[in-house]
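Going by the order they are written in, the chains are A, B and C; count residues from 1 in each one.
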Amino acid sequence: MNEKNMVTIVVFSGDLDKTLASFVIATGAAASGMKVNMFFTFWGLKLIQREKARPKELDWMRRMFSFMVKAGPEKRPLSKMNMFGIGPMMMKKLMKKSNVPSLKEMLATAKSLGVKLTACSMTMGVMGVTKETLIPEVNNVAGVASFLADAKDSQITLFI
Amino acid sequence: MNEKNMVTIVVFSGDLDKTLASFVIATGAAASGMKVNMFFTFWGLKLIQREKARPKELDWMRRMFSFMVKAGPEKRPLSKMNMFGIGPMMMKKLMKKSNVPSLKEMLATAKSLGVKLTACSMTMGVMGVTKETLIPEVNNVAGVASFLADAKDSQITLFI
Amino acid sequence: MNEKNMVTIVVFSGDLDKTLASFVIATGAAASGMKVNMFFTFWGLKLIQREKARPKELDWMRRMFSFMVKAGPEKRPLSKMNMFGIGPMMMKKLMKKSNVPSLKEMLATAKSLGVKLTACSMTMGVMGVTKETLIPEVNNVAGVASFLADAKDSQITLFI
């Protein structure tokens, strides 16, 4: 693998705006022929968790944390100006008006372009995300060693 | 171009503290002879929008969003401890006391050192930023392909 | 030094979750034989400041700022859902349940694996952090030139 041909992105924040930026870069790179890895960790895991997932096997604290941070691409907050959900609503409308695809569409595009989606095994327990509640698009569950192996051979590595 | 000689920075947050960090790295790298690209997207676009710009051709929602997020280097919030503007005020005073140049001065220094400033075309519509309201220092308006082309040849690529 | 063998991380935010992510990457990389540099700047400096440090030689504004942003690994806020300290408390409990080491333990591990810890000289004044109040684990105090020198030879450079 030519190292100029790989991009690895840590999707940490899970915010609507930051996640959008990561998918624009990921799909742009994949469309131009680069190999792209997205590594979802911490709040980013909530993006690749099924909406309304109820991980029943978890203890009450994990269930509570899982309940407080909503799952799925439609429930992402903004990193600023969230204003109890008014900000994300406005941004989604402005995205539509500006012909920017939604997060859900970008996820589908990333998938169809062969972007590899990895869920961080270490933080899944902390965030109350179980393997069973992940969306089927996720390729694998792995730890930091897997991220480092990809990043070492990538020309572009970003933490978003 | 020797790849060891290029730095590409995505300026996403537009916060006073994060933007400062990006300009310290950009001007430091440029001063040491490296080629530097700064790619302004999302909230970062507000830094390179003229102060008190009133983009009249926009619809009411974009105008409202544009109004709520103030433009220009003097109006940047802090990423933490913003406290309705007290935090940034304190930090600006502490920067002055510590002989750290202001954001406005850093922008001028970056420009004089040949740092390339690019505005992200895709998110300009979302953020209510029009080409006419950008500061004259901006070199060009471009999309993710332009960022990727720069980043692929850069030894250091950061998302800030 | 083979450039595939170095990782440089800017620790900017100082949040519990983001700092954890940076230490997981740092210790993972160091454990696999890579050379790792962590450059602490802005809020990240508070992580490597001694707890309850009272930098007496500072003026009142720096003392106030230093007081408002608590020092040490035990006092880090969360980047989201901080809820006046309930969020970090929950996350620490969930980390323990998930067998994720605490920030304090990770700092010790990083140190024992030879990770280089550098405090950013430029922002120390702004954040009210003096050399005397840094924890002994810190290797050196340096500016952006030192960061750039490391980053230029690193295969992975992250801003966290």
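FYI, a residue touches a chain if its C-beta (ideal position, glycine included) is under 8 Å from a C-beta of that chain, and two chains touch if they have at least 3 such contacts.
Because the structure is a prediction, the values reported are computed rather than measured.
Undergrad: Please compute the angle of the rotation superposing chain A on chain C (C-alpha atoms), rounded to a multiple of 5 degrees.
TA: 120
Undergrad: Compare the two sides of the chain B and chain C interface and say whether they are made mostly of the same residue numbers, over half shared, or of different ones.
TA: different
Undergrad: Counting in whole Å, what is the centre-to-centre distance of chain B and chain C, each centre being its mean C-alpha position?
TA: Between these chains, centre-to-centre, one finds 25 Å.
Undergrad: For chain A, write out the residues touching at least two other chains, lowest number first.
TA: Correct list: 157-159.
Undergrad: Touching chain C in the complex: which residues of chain B?
TA: Result: residues 4, 17-18, 21, 24-25, 28-29, 32, 34, 79-81, 90-91, 93-95, 97-100, 155-160 of chain B touch chain C.
Undergrad: Mind listing the chain C positions that touch chain B in their complex?
TA: 10, 12-13, 41-43, 59, 61-62, 64-65, 68-69, 77, 122-123, 125-128, 143-145, 147-148, 151-152, 154, 157-159
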